[in-house]
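Shared between the two complexes below is subunit A, which has subunit B as its partner in the first and subunit C in the second.
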Partner chain A sequence: MSSANTQTTLSRLRGLLEGPNTLGNSKSFWVGFVLAVTALAAYPQVTDPYSALQTSRYFALAFLAISLCFVWGYCGVLSFGQVAFFGISAYAFGIIGINFASTAGATVALFGAVTAGTFAAAVLGYFMFYGGVRDVYVTIMTLVVALVLNTFMGQTAGSEWAVGTARLGGFNGMTNIPNLTFGIVFQTVGFYYAVLFALVGTYLGLRVLLNSSFGMTMVAVREDEERTATFGYNVAFVKLVVFTIGGGLAALGGVFYASWGNYVDPSVFSIAFAALPVVWVSIGGRESLLGTIGATLFIERMRTGLSSGIGPIGPEWALVIVGGLLLAVILFMPAGIAPTLNELKNTILQRRSGRSPSGGPTEESIK
Partner chain B sequence: MSTPQDINARQKPAVATTGAGRDAILSTRQLTKNFGGLTAVDSVDFEVNEGEIRCLIGPNGAGKSTLLNLITGQLSPSEGHIYFDGTDLTGLKPHERIDTGLSVKFQSPHVYENLSVKRNLMIPLQRTDRDVDHVLTDTLDRIALADERDTSAGDLSHGQQQRLEIGMAITLDPTLMLLDEPVAGMSVDETADVAALIRSLHDDGMAFLVVEHDMEFVREISEKVTVLNQGAVFRQGSIQEIETDDAVRRIYLGEDV
Partner chain C sequence: MPFQISAASLGALFFQFLNSFGFIVLATVGLAIIFGMMGVINLAHGEFILIGVYGTALPYHAGVPLPIAMLVGVFVTTVFGVIVERAIVRHFYDRLLDSMVATWGLSLVVAQLLLIVFGSSLDSISTPLGNVDYGPFSSSVYRSILLPIVAILVLVGLYALFTRTEFGVKARATIKDPETARAMGIDTDRMYVTTFAIGSALAGLTGALSAPSLGSITPNRGGTFLVEAFVAVVVGGPSVIIGTLSAAGILSVFNASGSFFVDTFFGQMLMLVVAILALRLLPGGITGFIESWRQRRGAE
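Up next is the complex of A and B:
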């Protein structure tokens, strides 16, 4: 292919990926992005296996974060229960994978689990949005669903609570969940690369979707539901589609999470875990997918660091520090870190050149 | 305000603007809405003809807004039917009614404040199969906001927001445009701009149903006026007939006749 051809392909690609709904619409942003992904790809080669394994868990959680960023940041639906679809998918992956213990079985489990989580989101979304549930009631309802699952799964310790050979296990959780398998088995470093690849792919895919006309519709619904309906949009349907896609993303994260530790327990439905995505997204920036991913990696790395305690600070302070960080960000940067940095950069550029160029390099908070 | 009429040449059959022999595009049959014991709209038979500008006036509580909300589907009627362009709208959801060729601008400005003027117009426009660039340029010209295309809608003045609202509604290329008090809170100049905008769209064949209090504005734009009182059609006629009608002046204009 000639270089001119490559040029047009690249600019067409950028045309799909860039737009007013996403931050980072410049050449320097993409250079930074490629560098960051390269750095993450090189990371397992330069660090110990334990750190690489921990980081791959953060990647799995990042799916949960972008699922909330997508439904809340871009469509205004604050779901406090993304963990429900994450957890349903994790359990479904375990149930299918344990019952069909083979390479093919685990591959089927991957698809089956994502389908289960997505379907759960679609059903809940249908009843909420077509039933006229809105705003804070959506938040409450989704949280209640997660908490009900938390309670329910907690009482499944008895041997009668089994699906085939898969014991649900109550508070002790489900063990012996198979590794991530997609034709071949992904373990340790292989798992790291598989999840990183999926995360980068999902990020780019969501950018294309958000900058398409559907993304514009999502933002219109977020900004003003009534007005959007008066242009003939079926707002309930738009929200259902968005919520279902969000559920699918959380479900994918759930599969990665369950296959990472070969284990899942009801704490994935707990209120502390349900609050984390809201924290990641609020800190990273509701309207920034990359900011959200960066915040997830940073906060989870910090929590891991604190879990063994640092000096006089005991591990029990980890959530308190995260909460303090949340308060500080909400007070000083209500839009979140990434959008604030982007704003700051625009102001500086504007001052330097006198004219305001839009777009430019933006958030790079990936650790 | 510039109003290039050639570019927005509408595909619909040209409509004679003489007033005689035009078909009704919107009609209500025995339309009734009860709120508890109160009958806000009472067996109204009402028609708007193709391509006309109809104003709906009446004292506060006469049922104007209720009637409008019944047409748009915000409210569902207790009894009766609404027909538009050959379709029975009565059972349709609000968003489904828009696809039959209705467009609406509610009373209070409801622009997307955080989005640019251009994106505000794009939101309705992207649903249609019209030529986006072409319609966008034309609409920005019509509503005289071409210089503000990249401004956030929230930073516009009240009058500009109202014009933007109308601009958003007309990008759908409706057959009938419903306007609820389009010039409320506007200065004299702004009002004149909106009147000119409505007249130019009307010249292109668009029909209007306008709920309005400002009699000056009604006189500017309207051929025919319907007076509602206590939920029923009280009088219907040309603006001269209405303004000289003693009973109307008593109930609406508050004059001691």
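Up next is the complex of A and C:
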């Protein structure tokens, strides 16, 4: 009796999580997903604390990646400025956390910082989407916003640039940012689990959102703005909501990032850092949240690995390899690695069984 | 400190404006041609300019006279541009966003390779032509007089090239309607390569001319060029010459007065903020706005 109940709850849950807008709608995908999460959860137990700490930084950056994946891959808004919300939130976390140095203060800082980043995204989004700024102009405006912040924070070295007791610190950055605190303080392995938990939760939550009717509207806006508007949707509003949510995701990543190193500096607003989310998302596949997360973990792990150099290849080759990888993926797999693999799997299945693969209707089958 | 406006300080402000104007026009024009004519945003534009800088500085340090070194810089950048067009950019002519991402990847690779091959900096080249002094101020003749003049000459030359020559007509036909252009016997592929080569040559020229005024030459300077060019292109809008001219004029007024009255940080920020506001108020850029205004007036 109870197993039948579990069965229905599970299938209802799958109904919420699955749909044409996300890859991975099969039972085998979920088995693999659970195995992967279990492996990541076991990782700190079998490795040294240093590696676990490094990996938790990649998790923090993965939030930045999925924020871009969400706005660009699913709503067609290519923002080069997700790092702006990431950085605003990181600085806000530092400012609040340093001024109210207590467990409660740091918990408040977490919420305050995410609110600040989200609010910044909402303001910029309103400014752009209700002002008719579109396509490539959105891309450039978001990048310019990040660069303005980069220029501004870079010149805050003087002691007059302080909020309460928190010195902004110019190019040297802001130090003594508190640890991640949510009632209790999370450090090293605790931090690892906190961020992993948040990442898995965010991923599942976004899947539900993307497969809901709002997710369908987002994809409609991506595919054809005019047509979506003709059907009576308020395109500017949809884009604003999406951009705000994306800003919130980036802001959450910013909090994790700042509390990871207890430090933030203006390089989070720089062109070099702004390029990274675009690299991760393009390589992983902009229409695949999981592909994006995987690409982030892989590329950042590779960059760390190269930072000590491998054989004759010194650390300075890391960016060349990353840039070259980006070029190659865009040239040969424009959709990114995960969607290309999925396509490949579908073709193989199709050939083997001679019928279309199970799962939701794909764009091809509709055509 | 109450600021007194004297003839000399107004002159200094004007020279600052000319300096900024010349720089922005030169940095922008190559990008503007590629964007305006081909609809591709080349995010590696800063690195194209940087190749012009390196192509000038390396022969110069090897003992070649500066003007000839500059020609080498232009040539090297043009060749590089043609290779990039054939290998990468031609796949992206109808994919604007992908073209941005791909060229961004290219810019990472180029900047890092320059660092690996040539080290963290090259020796600077001293600015030729000396200074002009007036009152308590002095301005570099090269940066505040020669560069703006070259910038204007480049724009005039481009105007003539695209409106008065057979090549210009064919190139514009190709951009407007490639199918029909092909049907009329125009080799559109060649038009694309040539236009991209012109854009690259202009980037190389910018690099060559900037090489003596940069101070130390480092591989991360590409970003500086890119930002100014990028902002000016989108503020200017799709029309290459009028757009570049008007955007560079407006942006350098704010950049120069911000730098002059407060400091260079403030000038830079003021310019970027103005660009954001301009984009918000004129989503199609200045020339897009003029175009729609003319259409509205024509309809009435």
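Criterion: the second predicted complex is superposed on the first by the 357 of 367 C-alpha atoms of A that agree within 3 Å, B and C clash if a C-alpha of one lies under 4 Å from a C-alpha of the other, contacts with A are read in each partner's own complex, and residues count from 1 in each chain.
By definition in this document, a contact is a pair of C-beta atoms (placed from the backbone, for glycine too) under 8 Å apart; a residue touches a chain by one contact, two chains touch by 3 or more.
Since this is a predicted model, take the numbers as computed values, not measurements.
When both complexes are overlaid on chain A, the residue A:271 reaches subunit C alone and has no touch with subunit B.
Once the two complexes are laid over each other on the shared chain, residue contacts for A:78 go to subunit C alone; subunit B is not touched. More residues of subunit A are touched by C (comparison of subunit B with subunit C). Residue contacts after overlaying the shared chain place A:182 against neither subunit B nor subunit C.
When the two structures are aligned on the shared chain, A:317 is found in touch with subunit C, with no touch to subunit B. Within the superposed three-chain model, A:134 lies in touch with subunit C and out of touch with subunit B [touch as defined at top].
In the superposed model, A:155 makes contact with subunit C only, not with subunit B.
Subunit A has no residue lying at the interface with subunit B in one structure and with subunit C in the other. Here subunit B touches subunit A in the complex through residues 72, 93-96, 98-99, 103-104, 106, 110-116, 119, 122-124, 126-127, 168, 172, going by the rule given at the top. Contact residues of subunit C toward subunit A in the complex are 41, 88, 91, 95-98, 100-102, 104-109, 111-113, 115-116, 223, 226-227, 230-231, 234, 265, 268-269, 272-273, 275-276, 279-281, 283. Looking at the complex, you find that subunit A touches subunit B at residues 20, 213, 216-217, 219-220, 223-224, 226-235. Subunit A makes touch with subunit C in their complex at residues 78, 127-128, 131-137, 139-141, 143-145, 147-148, 151-152, 154-155, 271-272, 275, 278-279, 282, 316-317, 319-320, 322-327, 330-331, 334.
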